[in-house]
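These are the structures in question, set out in turn.
One chain, chain A, appears in both complexes that follow, with chain B as partner in the first and chain C in the second.
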Partner chain A sequence: MRDYRIVYLAAAVLLFLVPFTGEYATYLTGLALLFGVAALALNVLLGYTGLLSFGNALFFGCGAYTVGLLIKHFDITAIEILFPASIAASFVVAVLVGFICVRHTRIYFTMLTIALASLFYALAHKLRPITGGDDGIRVYETYIFGHEITSIIEFYYVVLIFFIASILILRIILKSPFGLTLQAIRDSELRARFAGISIMKYRLGAFIVSGVFTGMSGALYALFLGQISPDDVLGLTRSGEFVAMTILGGFTSFVGPIVGAFVFTYLKAFVSSVALYWYMVAGIIIVGIVLFVPMGIMGEVERRIRGF
Partner chain B sequence: MELLKTERLKKYFGEVHAVDNVSLEIGQSEFISIVGPNGSGKTTLVNLISGALMPDTGVIYFEGKDITKLPAHKRVKLGIGRSFQIPMVYEFLSSLDNVLVSILSRDRYSSVFYRTVDRFGEARKEAFELLERFSIPLRLVAELPHGHRKLLDVAMALALQPKLVLLDEPTSGISLEERDQVMGTIADVLKEKKVAAVIVEHDMDIVAEYSDRILVMHEGKILKEGGKEILEDEEVRKVLIGE
Partner chain C sequence: MIPQIINGLIFASILFLVATGLTIIFGILRVVNFSHGSFYLLGVYIAYSITRLSHDPVLYLASPFIAGTIVGGVGMAFERGLLSRVYGRGELFELLMTYGMIFVFIDVFRIGWGTMPISDPTITFMLGTVSIAGYTMPLYNIYLISIAAVLAVVLWFLLFKTNVGMVIRATSFDREVTSSFGVNVNRVYALTFFLGCFLAGFGGGLMLPITGAWIGLDIDMLIIGLVVVVVGGLGSIKGALAASLLIGLVRSFGISMFPAVELAIVYVIMIAVLIVKPSGLFGGVEH
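On to the complex of A and B.
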């Protein structure tokens, strides 16, 4: 147990040092951190509750667009207002969408998440006067407690703090009685019901946790990148990437989705710089993982550690 | 007052009269066995009482309250627990966590999300003791053999500290040598906690030894009920053994 703490500490120190290696690495790592939280949030549903959401970009976009719209229409530039507002917005959307989705499981749940995410995507596209359509919204000149954040490096540290806080909070949630109950529901819904558990209530709870954390990472993504568009934050591809990251890293492991997000983000940047067809490479990698390492990178690592 | 009462309970599956006009009463801490050939409606009756199935007609009272329309998880909260013929367990959790889920649910801690499970020392201790009592090893459930899974299923039901527990063939799949010991442990726990039990059982030695009352079911109806002497009844033997 103790040696794991050293690994975590070392990772935190490395992440802290990233900005000293240059702006591009900082940018890339910042993205990986945000996607890491989103993938972890997706795994609250996939790995812990047994529900595959192919529509989590809905929450990512919800957080991002809350920030974008408040800046565009209300000139609100204080992050201490923007961030809580996007938490509230993703919470409300998660409750409403969750209410519809959690009544169903398996493919029906997945199809509903795709359908509802597509609906929001279409809205962002079509409501041009409000959302800017496919041009999206530019997010700039934002302040944190009166201090304007100008450099990507400053933003990176905001993202890093958010990342660490999110992991710590999600870890407690997933190891709590609530988290254990979700896993029980995942393994046998019938049994859980006969342990006196109201299945819908817990699925909705998981959906809300997933939605809010994805929404928060979306909000910071908008602030970090300075530009959002429907295709980037609300598209089906974004949802699919969260799933790919989670499966790549391993949905049976707590840190799996984070590792998946890092590998995916760096690989995407690297492959895109040397070859044209990133999605072809990504496709081959995902197929390879599913066929040969079905538990994902961390699932395999943890299995080997247990084996010795 | 009786603990559970059913009035003219009926459940048809198309042409099959799975449960047909069953009226019965179960007293506090009574031990009742349901016997009957395959397809006589024993499991369907358990499913109706536990809320896994809704009856076509008829009424179920628990402690005088009409629970006919109550969903299963709410019946559990009132004090009706059950186990399953094919063990229903949480495959990818440890045996300890399997029992712990029941205990936390019983104590209304399931929705606590801001404290980790390790901080629930009392509950963990209780779960551990229950595992020990049933000699279930502390392991990932996916790695447990059938007999242990069966027992775990029973332990998960008893961990809820129900007033009435419905056990569907608790000793099936457990070796003949161990059966007596397992049933003895179950009966001890039931007696200790004053739990009423309805068990579906094929082993007539067990039925004769532990039951306060025996119900013989045939084609969805209660054919006979009484003490262990009814197992010697001509008509009952005919139904059970098919002589």
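On to the complex of A and C.
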């Protein structure tokens, strides 16, 4: 085994330096970092528990709308209140939704996540007096410990710290007995059950971890972008993007979803700027990955490194 | 009451066509076709193009059938050319491929038919109106509900009274054994995909005069179709029929009584059904 710590360190230094290359690059990288955490959180379910969620935008939107609604209706602008509040909200939603979803597996689980995310989408869409409907909510003039965040570059460092902390925490969770048990259940539910493991409890646990981390990235997304709308944060395509990023990067690898989020975000920005048909390109990429690189970029890289 | 019931039945008819396609494809191929809403939308657009050719009422009435057949062909080509290459790699990849097609279709629609919503109610004016219990409504609405009902009967006959139907049902029951009896299972898959996509495209064609098409309807239709299939029980046509009626009527009454939460009611029904009976109303499929 080679030591990859140097690679991670170099990546961290590069990420730290991104703001010096301009505002647009900072904005894109900030998005990639937030989507990276969301894709990683999705992979807690997909890669480690074997459950495909096509509704994780539900948590992303839950975090984002907690921030938006608190600002809009209660004039709370302190991030040190907004952020924990969205953690609490995503936790509660994850417990309730998880309770319904984890009793099912495979396609049934997937369809339920879609339907439940659609419920929240419909509510955000239709309850116009509360949520602003289609127009969404503007998020601005936010403070962190009394200091007003005025530039995207300042907030980028908040996002970067969140990103690094999330990776470390998720890494610890997935290496813990809890994470290993999830993988055991994924590989053979029957054997895990014979070993006396409460399958539902662990699946619900994975669901909550996934939901809370997605919710946190959604909350920071709202603060980072300054604007949220149901289609942007709660739509099926948002959930689908998390899945596409995870598969693109490789769901069998821990860092795969992050790589996928970066490639996807930059590619989307690039293609949208040179051609009209990003959707077509995205569709072809998804179909192409499924056909030719089903294990994703990191799956392929790891296979080459191992030399077979 | 009568207008809500008729509107509910129109919606139920379309839901039935879309959801039955989804459920048949799932029953045979074990794939949930995420691009099903896109096939529906393709049906509306093709019917629109067909009816540009001439303002003949016969052409208008025939357009859903032609559109359905073309959409079925496109679906079959997709199944043979792309989807069949990933069979056996697990449902994640099958799902993702049908999901990716949603985006390919979005740009096909934008290139082919532009970004503005389209609709053409000409045929409803040509057919005139009828009065039921004092309410005047387009005759086309009654025609739409009747033709969907006829199609439901034809489908039942095809699946339960013909040899082709027997082979399809046998394949859904046990692929290997059916194959060992000399049935070309690949042909059954292609036929099933044709049938499922035909139903979606046909439903789309029928709705051209009423709602028309806009980009975004593909995903709306997919989601509501999935809800119907989940409530009815995955793989069950009887379930799709019952759930379409339930959700069509609930939504129609919901729109007139609680417009703000009309869609939310549908999802709440779904959650309630799943908590009481996780496999759906008519689902016996093992989870």
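Details
Definition applied: the second predicted complex is superposed on the first by the 304 of 308 C-alpha atoms of A that agree within 3 Å, B and C clash if a C-alpha of one lies under 4 Å from a C-alpha of the other, contacts with A are read in each partner's own complex, and residues count from 1 in each chain.
Basically, contacts are C-beta pairs under 8 Å (C-beta built on N, C-alpha and C of every residue); 3 or more make two chains touch, one makes a residue touch a chain.
Remember, it's a predicted structure, so these values are computed and weren't measured experimentally.
Overlay on chain A: chain B and chain C fit together in the combined arrangement. Contacts of A:290 after superposition: chain C is touched, whereas chain B is not reached. A simple residue count on chain A separates chain B from chain C, and the partner touching more is C. Of the two partner chains placed around the shared chain by superposition, chain C is the only one that A:116 touches, whereas chain B remains out of contact.
In the superposition on chain A, A:126 makes contact with chain C only, not with chain B. In the superposition on chain A, A:108 makes contact with chain C only, while chain B stays out of contact range.
Seen from the CA centre of chain A, the centres of chain B and chain C span an angle of about 80°, rounded to a multiple of 10.
Legend: residue contacts after superposition of the two complexes on their common chain; A:299 is shown touching neither chain B nor chain C. Judged by the touch definition given at the top, the superposed model places A:68 against neither chain B nor chain C. After superposing both complexes on chain A, the closest C-alpha pair between chain B and chain C lies 15 Å apart.
Residues 172-173, 175-181, 183-184, 186-188, 190-199, 201-202, 205, 209, 252 of chain A are the ones touching chain B in the complex.
Per the touch definition, chain A reaches chain C in the complex via residues 46, 52, 54, 100, 103-108, 110-112, 114-116, 118-119, 122-123, 125-128, 235-237, 240, 243-244, 247, 277, 279-280, 282-287, 289-291, 294. Remark: chain B residues 50, 52, 72-73, 76-77, 81-82, 84, 88-93, 97-98, 100-102, 104-106, 109-118, 120, 153, 156-157, 160 touch chain A in the complex.
Residues of chain C that touch chain A in their complex: 26, 32, 82, 85-86, 89, 91-93, 95-97, 99-108, 110-111, 219, 222-223, 226-227, 229-230, 234, 259-264, 267-268, 270-271, 274-275, 278, 287.
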